[in-house]
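Across the two complexes that follow, chain A remains constant while its partner is chain B and subsequently chain C.
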Partner chain A sequence: MSTHHVTRSTMLSRFALVTAIALVVLLAAAPAWASTATLRLIGEVMIYLALASLWNLLAGYTGLVSVGQQAYVGFGGYMLFTLAIHAGMHPLAAIPAAGIAAALVSIPVAKLVFRLNGAYFAIGTWVVAEVFRLVFAQMSSLGGGSGSSLPITIMKEMAGSKAMRESLIYWAALMLGVGSVAFVYMLLRSRIGLALTAIRDSETASLSLGIAIPRIKLAVYVCVSAATAMVGSLIFLQKLRIAPDAAFSVNDWTVLVIFMVVIGGIGTIEGPIIGTILFFILREFLADLGSIYLMILGVLAIVIMVISPKGIWGLVSDRLGISLLPVGYRVETREDLR
Partner chain B sequence: MGYAAHGIITMLLLDSLSKRYGALVVTDSFSFEVAQGEFVGILGPNGAGKTTLFNLIAGTVKPDTGTITFQSRDITREGAAARCRSGISRSFQIPHPFVGMTVFENVLVGATFGRKAEGSVDYAMQALELSGLSKKANQLAGSLPLLGRKRLELARALATEPRLLLLDEIAGGLTESECHELLDVLRQVHASGVTIVWIEHVVRALLSVAQRLVVVNFGKKIADGAPDKVMDSSEVKSVYLGEDALV
Partner chain C sequence: MGWINIVIQGMLVGGLYALFATGLSLIFGVMRLVNIAHGDLIIGAAYLAYTVIQLTGLHPLASLVVVVPAAAAFGYGLQLGILNRTLDKDILPPLLVTFGLSVIIQNALLEIYSADSRKLNAGSLEIGSFSLVPGIDIGYFPLLTFLSAIAVVWALQVLLFHSPAGRAFRAVSDDPEVSQLMGCDNRRVYAWAMALSMAVVAMAGVFLAVRANFDPFMGPSRLIFGFEAVIIGGLGNLWGTLAGGIILGVAQAVGAQIDPGWQVLAGHLVFLVILAVRPQGLFPRGVT
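Entry: the complex of A and B
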């Protein structure tokens, strides 16, 4: 007689989880130990960590290779400005509200772009983002093409001192960065994650085993869009200014994010984390080089894609056979000795 | 539940189903009824349209004309996933494993999405054991050889807790003893109340379990009835003339 027992974690993954929690605690205390410049840098890293993890969930796990996520970054930013300026909402409360609004908007958008496949889907999402930009550029109450600024009175309402405001925005960024990674991890461990992995391998078999593929893809698209809009609203809360070109920038909110995910490892949870950190290290050291810096980034991305389609983390985890954030199932068989 | 005249409950009803690929008529106004609890064998030469029939029943392919009724419900317009959840499960002749997942995870997909009840981990484990794959639970499905992949098809289909099980050529290439094991599993599944339709070229295996035999040729049903009568009919003999499948 043997009994089976299913485990989902390893020694290494438990260690990684504890380390991660310790690191998050340390980062949460950063306003106490870091300079304003460091705080801003970590905040920016967190913003990109969120965008990279979310895009990876969409493209790497769900097969929805969107190049139009800037639609939701910009939409979130504009929602925050609208709600704070015209509806008198507290800016921090406007962040989740922007997320909900984006979730609602993303449903009809999905109905449209989901009719397209592969490259056409990618182009379709880009076109949608451009339409968003044009629509917001037409709205005179939000400054039209030249954009608008967040009145200082609204910022003062949020917190009296500048230092406190910086801390609040930093914590919000930390929550979104860490929250996005945690959300992706938990989603992938859930039944939706099981379905996504199955769909990635065979849509035909997935359908025959009862997976409602369109519904699952829609659910992921809506969640990712909502979270992306929350990140977007925080980005522009920090910038205090919004204009259509900056809000819907494909370079800032999608191209850089794709770069991070691809070098770190698309379709892995660890990849976007590594890619984001690596990008910021490169930027710190090379940004002074101007356009050469961008060329270095491009060459690096191509070299990594050629060597390892699953990025740096794919290379490491294949070599060592490890996963820090495992989502799979292991069956352990115990022989009962009676 | 539909009740036929003699108190038999109809599980599946195909009514003049047709499907063509270009000029090729693959299913030709095919009508077919399966009663609850039956074990039906399907025979026919290569390219006769047997797999297409399963594709139509399971919803992978939509018919050009005709209707499909399952448990008294018209499911002609329903998608494959919904049909699976309502109790139709199939194995693929050419296996479609989730190559990047372990054998256990493959089966867990069926147990999670194909069933309505909770406890999918335990149910997946049972299906794995029943199909004799529990020793390979943690192996990547992509690393399985063809026979292992076929067995995985069976395990996954069983994991969805089907009421109607469609099996497409799962006995080919097995040794004598492996084939006996498989037949034992199928008898066990059938005894638990599952209705089974099995397409198989290994006629001896098929005849040892099927209660009824249907022969398909050029998308048409050319014989349907008790296995010995069907095998004796002149029409079937002429189709198989010279085929070594019957030996």
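Entry: the complex of A and C
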């Protein structure tokens, strides 16, 4: 005799979760075992992991394909500089503050760009990012078009030694990277995640079942914007310098991120993780090629979209029927022991 | 008189923006495809004209004889070879494929032509002007651009509403499944629409390249200008798109007059205001 019961995890996914937690503990201890260069590399991977996971939540799960997330990266960076320089705030405290400011700004932005559908939404968000760039370039208190630097006294206040500063920034990056993946994972396992899946499968049907689509989309957009701004503020805290063109760069903060997600697997939690790691491995070998490297990424993204729109992870999980971070439900059959 | 002059010059530039926008509007109307690489294709056409002129010594306007058919053939092949495979209910694949194409074109142009900015020289046509009334001088070339934009919109209207090909375009746009049942080969219709869009892109590229310097990374902002013109004018209305381009051109000219840093920003702000108060655009789809 056998019984059936509903479960959210498999043996593999429990194993993956334990491995992931062990890996995070190992990474948290990195300042003790890694060189400064390694620490910076892992920090950069974490920053892109955060951006990729957040963009994936927006585009892959909520259907909001934004090409304008650099608006929030740059906004976050500028907020940190403003709060640290002009308001005397501690730089690490300015990171969440920048997130809150971005959440407030993203609401009126959403009211505007949500009037555009699908692909037009994408270009609309791009226009908004351009407006942000042009407006910040006009602000002379923030250095105008040439930008401004973070005074060294503010950095000294954060931590006395250079090594400690490096470690603090690294931990912040780790928190944002792991935190973003965890946030997306938890959100998708919650009621909102269920609603998002329903919207993705049929907007009409989910509307008729009473799902408040506009409200859910707005909530996701605001959360992602806030988190993206926090990542942005950390990026420029590490760089110590901000200028409009770098802060609102579509190539650095959106194009690369989209390639990572598309290649790894859009609409899956594992996809952005795989895409980010693959991107950094490819970069180690191909970065010298410069613009040809970007062309290779472009070709790869097109080939994947045409052949397997769910990316590398979609291909793997479809073939093998596995999921490392499952968000759905499955029926398990268990032999009854009695 | 000063402000009238600024508005008139802005209107003439708006003709160029309408050329950026028309191809975008056309393919959106026929197959609901938004081509993110549109601006980069405009710049690509400009570079193609540059090469043709280097090789043959043709006048930029004469180079259109080569560039327009070449661009149209490229568009036809692009649609049949790649884009048709991505057209489905899901908007994500075509968006991301044209996004990848955009990055490929930019970097390919950078590899081939370097980052130096170029310009096409149209000789006396470029610098000549006549005086409409004292204080208002109209350049021959901006006027030609403007009239070409009107001619392109008019020709597309005639094609769409008074020809068998146009009937096929409209049928596929209205209901792709039924039009296929009626014997339309949708894939070929889409390919022809893209070819037509690319022919306009080629014109826009050459006119742009005579008017101002261009470099490999100018594409995205041309896409944005074209897109703004489409939304301001109202989706699916080509005359509206022309009006949208003109409004954008005037907004930028007025913005530039207030402060040079405000030129592009003023255009974006007018777009956002129209999105806020009249999201369907000024002249929404009555026809097409």
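Remarks
The criterion applied here is as follows: the second predicted complex is superposed on the first by the 325 of 338 C-alpha atoms of A that agree within 3 Å, B and C clash if a C-alpha of one lies under 4 Å from a C-alpha of the other, contacts with A are read in each partner's own complex, and residues count from 1 in each chain.
Just so we're on the same page, a contact is a pair of C-beta atoms (placed from the backbone, for glycine too) under 8 Å apart; a residue touches a chain by one contact, two chains touch by 3 or more.
Quick caveat, the model's predicted, so the values are computed rather than measured.
In the three-chain model built by superposing on chain A, chain B and chain C fit together without any clash.
Looking at the superposition, the partner that touches the larger set of chain A residues, chain B or chain C, turns out to be C.
In the superposed model, A:Pro309 makes contact with chain C only, not with chain B. Of the two partner chains placed by superposition, only chain B is touched by A:Ala195; chain C is not.
Using the contact criterion defined above for the overlaid structures, shared-chain residue A:Leu116 touches chain C, although it does not reach chain B. Angle at chain A between chain B and chain C, computed from CA centres in the superposed arrangement: 80 degrees, to the nearest 10. Contacts of A:Ser206 after superposition: chain B is touched, whereas chain C is not reached. Of the two partner chains, chain B is the only one that A:Arg330 touches; chain C does not reach it.
Judged by the touch definition given at the top, the superposed model places A:Ser291 against chain C, while chain B stays out of reach.
Chain B and chain C never share a C-alpha pair closer than 14 Å once the two structures are laid over each other. Shared contact residues on chain A (touching chain B in one structure, chain C in the other): none found. Chain A meets chain C in the complex at residues 59, 65, 67, 112-113, 115-116, 118-120, 122-124, 126-128, 130-131, 134-135, 137-138, 145, 250, 255, 258-259, 262, 266, 291-292, 294-295, 297-299, 301-302, 305-306, 309.
Residues 32-34, 36, 82, 85-86, 90-97, 99-104, 107-108, 110-111, 220-221, 223-224, 227-228, 231, 261-262, 264-265, 268-269, 271-272, 275-276, 279 of chain C touch chain A in their complex. Within the complex, the chain B residues that touch chain A are 58-60, 79-82, 84-85, 89-90, 92, 96-102, 104-106, 108-110, 112-115, 121, 125, 134, 137-138, 156, 160.
Taken in their complex, chain A has these residues touching chain B: 4, 6, 191, 194-195, 197-198, 200-202, 204-213, 328-331, 333.
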